Amino acid sequence: MRDGTWNPELPLPMTIREVRQETPAVRRFVLDGSLTAEPGQFIMVWLPGIDEKPFSLMNAQPVTLAVAEVGRFTRAMHQLSQGDRLWLRGPFGQGFTLEGRHLLLAAGGYGAAPLAFLARRARGEGRRVAVLVAARSRQHLLLVDEFRTLGCEVYTCTDDGSDSQPPRLAPQAVEELLTSLRPDALYACGPAGMLDALEALARQYHLPAQLSREAYMRCGIGVCGSCTCGDQLVCRDGPVFRIAG
Amino acid sequence: MAEQLSPDLRVNLCGVLLPNPLVLASGILGTTAELMERVAKNGAGAVTCKSCGPEPRAGHPNPTVLDWGPGLINAVGLANPGIDEAVEILRETRRRLQPLGVPLIASVFADSVKGFAEVTRRVCAVPPDLVELNISCPNVEAEFGRPFSLDPDAAAEVTRAARAVCDRPLLVKLSPNVTDVVAIGKAVVAAGADGLTAINTLGPGMVIDIESGWPILANRVGGVSGPAIRPIAVRIVYDLWAHLRVPIIGTGGVTCGRDVIEMIMAGATAVGIGSAVIQGGPAVFSRIAAEVRDYLASHGYASLNEIRGLAHARRHMEP
Amino acid sequence: MAEQLSPDLRVNLCGVLLPNPLVLASGILGTTAELMERVAKNGAGAVTCKSCGPEPRAGHPNPTVLDWGPGLINAVGLANPGIDEAVEILRETRRRLQPLGVPLIASVFADSVKGFAEVTRRVCAVPPDLVELNISCPNVEAEFGRPFSLDPDAAAEVTRAARAVCDRPLLVKLSPNVTDVVAIGKAVVAAGADGLTAINTLGPGMVIDIESGWPILANRVGGVSGPAIRPIAVRIVYDLWAHLRVPIIGTGGVTCGRDVIEMIMAGATAVGIGSAVIQGGPAVFSRIAAEVRDYLASHGYASLNEIRGLAHARRHMEP
Amino acid sequence: MRDGTWNPELPLPMTIREVRQETPAVRRFVLDGSLTAEPGQFIMVWLPGIDEKPFSLMNAQPVTLAVAEVGRFTRAMHQLSQGDRLWLRGPFGQGFTLEGRHLLLAAGGYGAAPLAFLARRARGEGRRVAVLVAARSRQHLLLVDEFRTLGCEVYTCTDDGSDSQPPRLAPQAVEELLTSLRPDALYACGPAGMLDALEALARQYHLPAQLSREAYMRCGIGVCGSCTCGDQLVCRDGPVFRIAG
């Protein structure tokens, strides 16, 4: 008999050390604790009395999140400030694995969060990293400076061309970059439509691709069957799925 | 050494042949046809779908499932797409499972006797290989009132109503949260159940976060499953078998071949596996099946029939 | 930093002052005066003796206690020296505990209402600081019939009979093995109990040896304790507190300071510790007391009163 | 969540490899399994359907027991033969600790079993070991050859003098050996009366002594309070108790 607290996955409280408004909709939360995690893994954030929702790690040491305000829970998160606490379970799921010497990362919306974590790892290993940051409009481009600081080549694209580039959707921009940069591997996180288009591109260009997908999460631990994508569980088999290309 | 035949893992569950005794328990992974097919391909002997009810239900808000160490605690709250969509999912599941020879068990629930009859009637059109009545979910009490499984008369009434419209073998899933589970078992068997599934989750229980003072589950309380409940499940299977001798899916805390053998020695015909999928995902079925096969082979048993109910035959001699 | 007073661990249990909330649970180490004194010296806030009954009992043959991993399972079978010798042991225990300021709780059982009254009357002559009626042992059913704790009327009757002859604060120890534990709690409080102890062991359960097919306990079944039962115990304490607001010794699976805080947030006044003594022996009390003190100090609480029942105050806002 | 079989203390089956009649009442059982244990520790032996009782290890690798037939359970054990199985829990309790360069071991009855284990360890470390084997009469002297083979000096004493020595009780023989051999430490296992006398001797001679005591065992794991000796639990704090001397 051991004590009853062995190996549990109970929520762990952490305190917010810093909140930074990144875009009109997205805030960065830097916490006072660390986790051992891979880029692409996610955590479940619990706000007692409110709900528990999945978020990708933007960094694990210290735990850092980029949260877009889209509904009740994320609104509550945006009301938190330095010194407030939140609770987390995880990390869960399969993260990105690094492959290739020259990586192209495509970030749609808050999809930039896990890709920033990935970029840090990849740059730390001296790999060449190009990033496409995509958004509706210029002011929503997320973590552009972060990627630059990490030593990535940053490209942007917006639906409305407000970034002084021709208005394009992310897949179109990615296809241009595939041709011009000829990367060895594609990594992406963003809306489902974008990911589906990129999956098609990867097959077409015979490029290995790792896509981080979303699904409705309850347990986060592969039990409840809420997060299916075909016969795969996004929480356990994903959220990162690899296409051989 | 003598030539040794590989032991026969097949079991006959109320007339339905299972390639092995391991049954995916309801509420675990049983949400889509693709996922249930994957579980079957990974070595399950039968799969039970997530319990479906008359109407779509969103279930409780998160947190709904927690790993508290010795087990899980959950209050998913019977999230399900409702019988209309469930029937579609079950049809597709049946289509995918049939070539694999893995039977499908349709789990149903409702908040009334009529509702149970109606949902049972609807799923029988699929048809599944067996129907399981979930009269024992402890996580929806606030909404549904006391589960039917807590009272012999209520349990019998639901069973009778479902039996009347059900042309498949009928299992009733029992709750451990009663003083006398055998009385409930007797009532539902008298009312027409062909077999029993025991047990549903224990409790409910509660886990409190000591930093915030909040019960962690949004529903505050939830049903306990996993290793923590295994001795309770084994004892209940033992008692049911002693008094009823009907086929039982022994369920609760099984995580390895040893636990399967224990359940079968207690009297189980088949063995449900739920929480254990967090250890390795669907592949847990082939791992456990291999452990069961190894046990039988190394002990010289040709089939599970040789050990079923063995614990009942072990009787102390008076000094 | 502001000067910080050491948190006050004292609790008032039915008018009896405990130096800390940790109570040695009945049936664990409570067999001799010397041993109970040692437990007190090792930091227990109160000690409960092994339940004593009208006559000496040898208890069940071995195996009687097993560590099955997530907890213990036991069928000691109320082994005890009978009330005559028990009274002597309790007198000596009282003599040794008084200088330590550690209260003594006398646990009693019997197989009849009359027997309960008689044993209670006899122990009150010691006198202990509190009396606890063990109406909930699940391991002697074959002999004693259904525990009184499984029926509100029977539980009330026993309580009333003991109350009539008991001039000490009276606790009644409840079983988790009922459908509605609050109903039992209400019945015994209405019948004169000053407080409740919750819970006795869960089940019963059974563990089978798969090599021999034998249930391992000689009694075949036994009560489950230890970490496996903690969420059940917490929920029951929570429910009892919500409905009754009487002092409760929250007992079941507590092994560390975290678990003590959880029980108190659920509403417990004091916290029973039984199975956890296998982790380090009697020293477990001082270790856990230190963990509780650290928690209070680091969270700025001056006493346990500030967190008692806190989980009840945590209520979800509607969206 | 781990699997439910983590860290349990369930009985472990072992098969009997050899049974040897040592004295009219005592048989040695050599099992086909091993344990990691200290001399002086004990195990609980379970015979399904019969009972579960404590026995000292005479050796741990392989597990070896010396069992005296005294009642129902030990009678059942004596009916077992090679190929039969028994089940064990443990090892439990505190064993002997080696101290001194010159040890005197005093064995009463089946008390020779744990002392043979101790003698093997002590001799393995090159310590000098004298053993007094005591019994009612010559034919009950247990493990004399075993101790000789281990390189101990063996002395005997019998109540009736049938070992061609003057009839004496063990404490008297021990006192003689204390004076003649001047050992650094005394180790003993045997009937309670003998141990009490030896405890008195140890105090009188200011000799550290380690005595292995018995008490009625149920749980074996320090929970049930069945095995008390004063405020001590024989199963957990003992069975070996040390007297500083």
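Here the chain labels run A, B, C and D in written order, and each chain numbers its own residues starting at 1.
Going forward, a contact is a pair of C-beta atoms (placed from the backbone, for glycine too) under 8 Å apart; a residue touches a chain by one contact, two chains touch by 3 or more.
As the structure is a computational prediction, the values presented were derived from the model and not from experiment.
Chemist: So which chains count as neighbours of both chain B and chain C?
Modeler: A, D
Chemist: Measuring between mean CA coordinates, which chain is farthest from chain A?
Modeler: Using the mean of the C-alpha atoms as each chain's centre, the farthest one from chain A is D.
Chemist: CA centre of chain A versus CA centre of chain D: separation in Å?
Modeler: For chain A versus chain D, the centre distance works out to 64 Å.
Chemist: Rounded to the nearest whole Å, what is the centre-to-centre distance of chain C and chain D, using the mean of the C-alpha atoms as each centre?
Modeler: 37
Chemist: What's the distance between the Cα centroids of chain A and chain C, rounded to whole Å?
Modeler: Taking the mean C-alpha position of each chain, the two centres sit 50 Å apart.
Chemist: Chain C: which residues touch two or more other chains?
Modeler: 67-72, 207, 212, 214, 218, 227-228, 230, 258, 275, 278, 314, 316
Chemist: Residues of chain D that touch two or more other chains: which are they?
Modeler: 1-2, 4-9, 48-49
Chemist: Looking only at which chains touch which, which shape fits best: line, ring, star, complete or other?
Modeler: Contact map by chain: complete.
Chemist: Give every residue of chain A touching chain C within the complex, in rising order.
Modeler: Where chain A meets chain C, its residues are 1-5, 48-50, 72.
Chemist: In the complex of these two chains, what residues of chain C are touching chain B?
Modeler: Touch residues, chain C against chain B: 68-71, 73, 146, 150, 177-179, 202-208, 210, 212-215, 218, 221, 224, 227-232, 234-235, 238, 258, 261-262, 265-266, 295, 307, 310-311, 313-314, 316.
Chemist: Could you please specify the touching residues of chain D with respect to chain C in the complex?
Modeler: 4-11, 13, 44, 46, 48-49, 51-53, 85, 87, 217-226, 228, 230-231, 233, 236-237
Chemist: Any idea which chain B residues touch chain A in the complex?
Modeler: 27-32, 34-35, 37-38, 50, 59, 61-70, 72, 74, 76, 79, 207, 209, 211-212, 214, 216, 218, 274-275, 277-278, 281
Chemist: Can you list the chain C residues touching chain A in their complex?
Modeler: Per the stated touch rule, the residues are 67, 69-72, 226-228, 230, 253, 255-256, 258-259, 275-276, 278-279, 314-317, 319.
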